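Should a chain be cited, it is by its letter among A, B and C, assigned in written order, with residues numbered from 1 in that chain.
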Amino acid sequence: MLLQLIISGILLGGVYALTSMGLSLVFGVSKIINFAHGDFVVIGMYSALSIYYVTGLGPYISWILVIPISFAIGWLAFQLIKKTIGGEEINQIFITIGLSMVIQNLLLMTFKSDYRTMKSSFSSSLEIGNIYISYESLLAFLIAVAVTIAFLWFLNRTDLGRAMRAVSQDKDAASLMGVKVELINVLAFGLGIAMAGLAGGLLLTMYAAYPTAGGVYNLLAWVIVVLGGLGQVEGALAAAFLIGICETLTGFYIGPDFRQVVYYLFFIAILIIRPQGLFSGIRMHKKVKHETTA
Amino acid sequence: MLKIRDIQSGYGESKVLFDISMTIPEGSIVSLVGSNAAGKTTLINTISGLNRAWAGSIEFMGEDITLLSPAARVERGLVQTPEGRRLFPDLSVRENLLMGSYLKSVRGSREKNLKKAYELFPRLYERKDQQAGSLSGGEQQMCAIARSLMSCPKLLILDEPSLGLAPILISQVFEIIQDIQRENVTILLVEQNVQQALSLADKGYVLESGHITMEGTGEFLLHDDGLRRAYLGI
Amino acid sequence: MKLLHNQLFRWAIFFIVLLGAGFFADNNYYLDILITIVFYACMASAWNIVGGYAGQVSVGHVAFLGLGAYTSTILFLKLGVSPIIGIPLGGVVAMALALGIGFLTIRLHGPFFTLSTIAIAEILLVLAIRFHGLTGGSEGLNIPYEPSVYNVVFKSYFVYYTLFVALMAAIVAVISYINTSRTGYYLRAIREDETASSSLGVDILQFKLRALLISAFFTGVGGALYAQYLLFIDPHTVFTVAFSTKVAALSIVGGIGTVIGPIVGSFILTPLEIFLRSQFGGTYQGLYLLIYGVIMLAVIVLIPKGIYGTFVDSKNRNRR
């Protein structure tokens, strides 16, 4: 059973990695604290659902469409959010909270409050010994891994990706290299939201969609990002698996309603004891500490 | 090459620069000296476009660039090496240099420039895969200058390149600056190290509380009694 | 001093008019609306003490509300303790929680403090459902309708209304007092420039913590009183983060960091909410929250200081 749970946790973690890397990217590059990130995950879920209703395509195909849809929505959202950049912090916090309210209730009005799931298109699941893995979550996991690899390649090996990292470290210096910081900000935001949306689409193979689920996914993504070290994309990746496993284990041994409690406690503890995250080196320490306590 | 006329600028409501005019001839080294908080960094950030000019105009190679974005100015060959190096600490040395050739217009000569940079600074080649944040102060300065050279500058603005360096490294940096000039790059050097900055300059400007108080050849300024008393303590 | 008297006079008139409105309303439907408005005004004002004045944005304030409500209700139902004691005790328990939370998290930089407050509210929600024996689980707790002063249950809505108005007067009085006191002075200094205040030796955390404690106390008292009014509590009403967001929205729309802003916010948005819910609640679930969100976004983008804040600004500008 333990092995089964750990494997399920890893599959889940792969999808969580997508959403938290997206959040980490947005925070790192544009320094926007996005409290609506989880709602973009849910938008991805409903996008995949709608595509399924109309065309009958499952999430492991429709993700190709979910990515550009989410990117476009992210682009639009950024046009609103950017108005508070450089303004009072409280307004920066509440613009995304307000956005979250709008998204959740638009979804509620459109799709009603029902829990919606997708019928499996596979009649059996993969069986190795006494471990069962549903083909759907396996496919979702593989897609998540593939996109993650592509994303890391983009970030580390392309000029645009490098520019995003440069902006996240020093935007003035980057603009002295000819980087158009505004454009990088909106691209990073769109990309981050696209990853959140994609994660949502894939999550549909494991969890039901409902309009206010965004609150849970939002905090979840932040838990992972803080665990991994703020703005550290690779750190978020490692933390995602940890949280995924933690979630399946507590879900089974303590009770499904306690899944969140455990990692919320974890989250508060990390913020207080080790604000630089679990997986970041000593050098990050000073910088992040400054960011979290200043 | 660069003509600025009656520039005014500042932060928020406080004006820092009052009617600054300067001319930088092509191929020269021009030094801008002045004490702390005289407005030197504000002035060159206005030239680079990081600060908006409140009034006045900036002309670069015959074109009015007053309203252009920083990126557009870099595209035209106006490149700044900012004070305090401002490397991207988590990027490797090589990646920092590649950022210097981010613009499409210079990406074509990326490999050539990279090779040249490593030739000029062999130390950087040795450390090319190290994170820039782990370099020593002198190496960081080399890396910052090399990064600017990657952008094929026509005018290179150096803000306090000697700041925080050991004396032996300082003379090395000034030698490199002269090497760069020999490659047909015009240089605007902003320095607190008045003696050395003026002795290699073709022309010098003295900035005091937002006003240009003196200008002339480096030689002439170095021998001015007032300036010697004020900045060299002689 | 004259200014203070002037203010005192204006507030006295405001509260008398408010009470008078309730007295002449003489109709439970209108009284219910008034009570809801004043209740939200109280909650928004209390939130504003820490969110607006101390600049620490909590979106988990509902934790204090719920704790206050559960404390007095459980004490009453299980031990027979009169809510006359239970209600203030609810405030004290909320304050104790705030002390614990604040001690750990008040040092966190803005958004991370906010995130940790959400996490705490969510944890309490799960615990309230889980500890079924004490809290009644998701079904919640009913307070029997047995009107008496000891039970703090009344036949007349006007009595409840008076209690809520009194709570609001207390909150306004405390905020006004803080404003003129040393604490208020330091809180303003901290809000203006945290780094500068800290370098001047102001113990920022201590003042922020004080603000959080006061805010939590009033929120807890308000929650307990509201439970007495509804005669019912359940985890999803008193521990839902959406409540905190709503309360914060009232302050933002009205104008944060001002005494009047949150009250203005509640007097505008709460009636709107009641109207929208009664008109469209059945057919368009979520419409009123959608409109809340849109209004909040519009205010943040167009008049970031809120309605009252902007009004004051324009008045000052005219005077100049």
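One rule holds for everything that comes next: contacts are C-beta pairs under 8 Å (C-beta built on N, C-alpha and C of every residue); 3 or more make two chains touch, one makes a residue touch a chain.
Remember, it's a predicted structure, so these values are computed and weren't measured experimentally.
In this assembly, the chain whose C-alpha centre lies farthest from chain A is B. Geometrically, the chain at the heart of the complex, using CA-atom means, is A.
Once the centre of each chain is set as its mean CA position, chain A and chain C turn out to be 32 Å apart. If you average the CA atoms of chain B and of chain C, the two centres end up 55 Å from each other.
If you average the Cα atoms of chain A and of chain B, the two centres end up 41 Å apart.
Within the complex formed with chain C, the chain A residues making contact are 33, 35, 80, 83-84, 87-95, 97-102, 104-106, 108-109, 112-113, 211-212, 215, 219, 222-223, 226, 255, 257-258, 260-261, 264-265, 267-268, 271-272, 275, 291-294. The residues of chain A lying in touch with chain B in their complex are 159, 162-163, 165-166, 169-170, 172-180, 283.
Contact residues on chain C toward chain A in their complex (touch as defined above): 51-52, 55, 57, 59, 104-105, 107-112, 114-116, 118-120, 122-123, 126-127, 129-130, 194-195, 241-242, 245, 248-249, 252, 256, 284-287, 289-290, 292-294, 296-297, 300-301, 304.
Residue ranges on chain B touching chain A, taken from their complex, read 48, 50, 69-71, 74-75, 79-80, 82, 86-91, 95, 98-100, 102-103, 107, 133-134, 147, 151.
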